[in-house]
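Attaching a single structure in structure tokens format; questions to follow.
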Amino acid sequence: MMKNRKSNWALLAPMYVFTILFVALPILYMFLLSFLTRAEVWGVDFTFTLDNYKRIGEPLYLNTFVESLKLAFLSTLLVMLIGYPYGYFMARMSAVWKKRMLLLIMIPFWTSALIRLYGWIIVFRTNGVLDKLLMGLHITEEPLKLLYTYPAVVVGMVYSLLPFMILSVYSSAEKLDFTLAEAARDLGASSFKAFWTVSFKLTLPGLLSGVILSFIPSMGLFFIADILGGNKIVLVGSVIQEQLTKGRNQPFAAALSAVLMVLTTLMIRIYRKVTGTSELEGLV
Amino acid sequence: MKTKKWCFVYVGVITAITYIPILVTVVYSFNESKISSVWEGFSLKWYAELFQDRDLREALINSLILAVLSCFFAVIIGTSGALGMYKKKSRLNDAVGYISMLPIMIPEIILGMVFLSVFSLMGLPFGMVTLVIAHTTFCVPYVYSMVKARLVGMDKSLEEAALDLGASGVRVFFDVTLPLIAPAIWSGVMLAFAMSFDDVVISIFVTGPRVNTLPVKIYTKLKTGVTPEINALATLMLAITILLLIGAHLIGKKKNK
Amino acid sequence: MSDIILQLNQIQKSFEGTEVLKGIDLEIERAEFITLLGSSGCGKTTTLRIIAGLETPDSGSVLLEGQDITSLAPNKRNVNTVFQNYALFPHMSVEENVGYGLKIRKVPKAEIARKVSEMLKLVQLEEYGKRRPDQLSGGQRQRIAIARAVVNEPKVLLLDEPLGALDLKLRRQMQLELKRLQKQLGITFIYITHDQEEAINMSDRIAVMNQGVLEQVGTPNEIYYRPRTSYVADFVGNANIIHDGSDTFAIRSENVLINGEIPCVHDAVVLEKSFAGGQLRILFRLSDGQTITASRYGIDADIQVGGSIRIGWKQEHAIKVLDDEK
């Protein structure tokens, strides 16, 4: 028994050391940092202050939070509306088609996210593929100038986050016993009612985990807004990056990150409360 | 139950849309013109330019080294951690397991911010070392959670059977446990590799002036202006991805037979 | 003098405060087929795991051929187990599975191959060596699990409900096969089941367990005809338990006599009648409120539900037992 316990600690040691040293302590340091003062030239002064948090309350920064949340909610909603039926239908396909579809989803997932966004630049650019197509079909008369607009950013977000939603819904719907919906129909439910009361209810954990998996990264994907939105749309992510690089204000960046982190962990907490599960479906 | 036609149509249309930017990139990689909206005829000149781009090649090699190293550490930490926690359940283990998952449960930007400040506090020179540490933190959760899920689903009596047949603890691990969790480790590594190889947000913060990763390099190129080379690079990466996926698919098929 | 191969002395074991084994004493003879019989949760699997070394008892000792093996690791014991769900290694072929124990003991390759093919022939699966466990049927997997354990020539073979997952017909066939195998190999079998028919069919001796205690150990005949406790009488023989003053008696249903047959001295009311498997079963209520079941062949049309009747039993069929309820 003693020997067993020792070998178990040997197994756990790398995980413990690594997690404490490079995850737990750095995150704690971030919270500490958010109460410190920026040094005159470079680095941090260890003087306690609440100014960083007060500054987040300023309209300029509060606005970026609101903007980011709005964009994140809008993207997540669209991802949900497009991704849920996709994942659900996929789960009802034959085994061969399921495999094919998974492969088709994985291919873009495996190519660089940036490069896929670059494809959208070509599409959206003034006189780009989309403009040419629309003007060729005489739907529009002049270029739409879609690039560097809000809709372009939304498309980019939805596009990047869609696979997460599809895979979570799919893994949840795949486990669903479709005869349950048939049983509901047999008991007199309309096909919509059968779907809503049985299938949808049972795939809700997948949908919610898809929401979490889309919402969390969407708060931080500043490069999408950067590339497709030009400098017009400023998100929390961009502000944090700016404060760290150009502003050299680590404490303020830390405060922004701390608020962002609290917001997202709260979301996960709510998810766990609602679904009663601890694992995110489709993630594992 | 029969899948209705319009389900297929819906899935087909959405899939087609997701492939638009990819196809556009591939087509324009063979475009003679520098302006990507004009087609001036077939050409391989951007491929030629790509192969001569030293910076990009260096960035590619860096990214590969980074992904391989991060996955290597993630496999050791994640697998042994999952094994240890599965053998002995405790609140402390649960807590550490939860914290180890944090890097993929918070927006990447936070992780980038955290590492930038911590590494500058520690005085670590920014470069490959800082990159590997940062990437390992978000690679561990993929391996750890996959292996953990596999262990929970594993029939405990298999290990007992090996023990019963005379195998020592070490042999039980190498003869039974490891072969059974290997697919989980493998799929964890595939995900972790993809995430590491593709990461911009965290890398931007922890990379040094001398070391560029491929995504960081692409990002700066995209921000500075039109670069048709990127089309060629995208096409090549896509081709390699497809080949690898098909290869994995075929190997899987053969194994099943 | 009998030849004791395995001895359990005062084995006690608790899990999280619940006492699962309350002092088990058992001596098992060489080349014997002994069955631990009991309902789920009675402690029979824990007993088996303690013999295998997969659990350590809180107190008490296990002796194998006189040597104390209580704290010996499972891989150091010359005892093998056939697991309930077979536990065949899914990533190894049938041959590799069967040869695993020999490989661990560094037996030369040629000899492993010879022994494995011999063993596969013995369980009549010589053509299946290259297959993987998931390509076999339940019955075939079962035999491979037995072959994998037996090939190591263990002193004692432990079988944990090995036929539980099979359908009735296959189970019957495997019962016979297992018995044949045991006789042929001359290995001590310790068999676990909750099925009293299976126990009676196969065993040289049966040990009936209930709530961590051995109720009775004996030959199938002894267990069936001379149950020591009311639990054994009920569990093995489906006997009626009748209290008479401070005494408790077990009377099997086929020994309950009805109307006219002598000696019928008890007034009874017919509560229920059912016909199954060629047998009529009648439930009576005696005048003192106790219920009793009688069984007989054929349909007895005279007996009406609700009707009064006289029943009785012969003196020698009322077996005095210890009452477990008390």
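The first chain written gets the first letter, and so on, giving A, B and C; residue counts start at 1 in each chain.
By our rule, a residue touches a chain if its C-beta (ideal position, glycine included) is under 8 Å from a C-beta of that chain, and two chains touch if they have at least 3 such contacts.
Keep in mind it's a predicted model, so treat the numbers as computed, not measured.
Undergrad: Touching both chain A and chain B: give me those chains, sorted by label.
TA: none
Undergrad: If you take the mean of the Cα atoms for each chain, which one ends up farthest from chain C?
TA: Chain centre farthest from chain C's centre: A.
Undergrad: Could you please state the distance in Å, as a whole number, between where the Cα atoms of chain A are centred and where those of chain B are centred?
TA: Distance between chain centres, rounded to whole Å: 17 Å.
Undergrad: Measuring from the mean C-alpha position of chain A to the mean C-alpha position of chain C, what distance in angstrom results?
TA: That gives a centre separation of 57 Å.
Undergrad: From the C-alpha centre of chain B to that of chain C, how far is it in Å?
TA: Computed from C-alpha means, the inter-chain centre distance equals 54 Å.
Undergrad: In chain C, what residues contact two or more other chains?
TA: Chain C, residues with two or more chain partners: not present.
Undergrad: Residues of chain B touching 2+ other chains?
TA: none
Undergrad: If we count contacts the way the header does, which residues on chain B are in touch with chain A in the complex?
TA: Touching chain A: residues 1, 3, 7-8, 10-11, 14-15, 18-25, 28, 36-37, 76-78, 80-81, 83-85, 87-88, 93, 96, 99-100, 102-110, 112-118, 120-121, 133, 136-137, 140, 144-146, 148-149, 169, 194, 197-198, 200-201, 204-205, 214-215, 218-219, 222-223, 230-231, 233-234, 237-238, 241-242, 245, 249 of chain B.
Undergrad: Help me check something: in the complex, which residues belonging to chain B touch chain C?
TA: Chain B reaches chain C through residues 155, 157-158, 160-168, 171, 175-176, 179-180.
Undergrad: Could you pull out which chain C residues touch chain B in their complex?
TA: That would be residues 52-54, 73-76, 79-81, 83-85, 87-91, 100-101, 104-105, 148-149, 152 of chain C.
Undergrad: Note which residues of chain A are touching chain B in the complex, please.
TA: Touch residues, chain A against chain B: 4-5, 7-9, 11-12, 14-16, 18-20, 22-27, 29-30, 33, 43-44, 82, 85-86, 89-90, 92-94, 101, 103-123, 125-129, 132, 159, 162, 178, 182, 216-217, 219-223, 226-227, 236-237, 240-241, 244, 250, 253-254, 257, 260-261, 264-265, 268, 279, 283-284.
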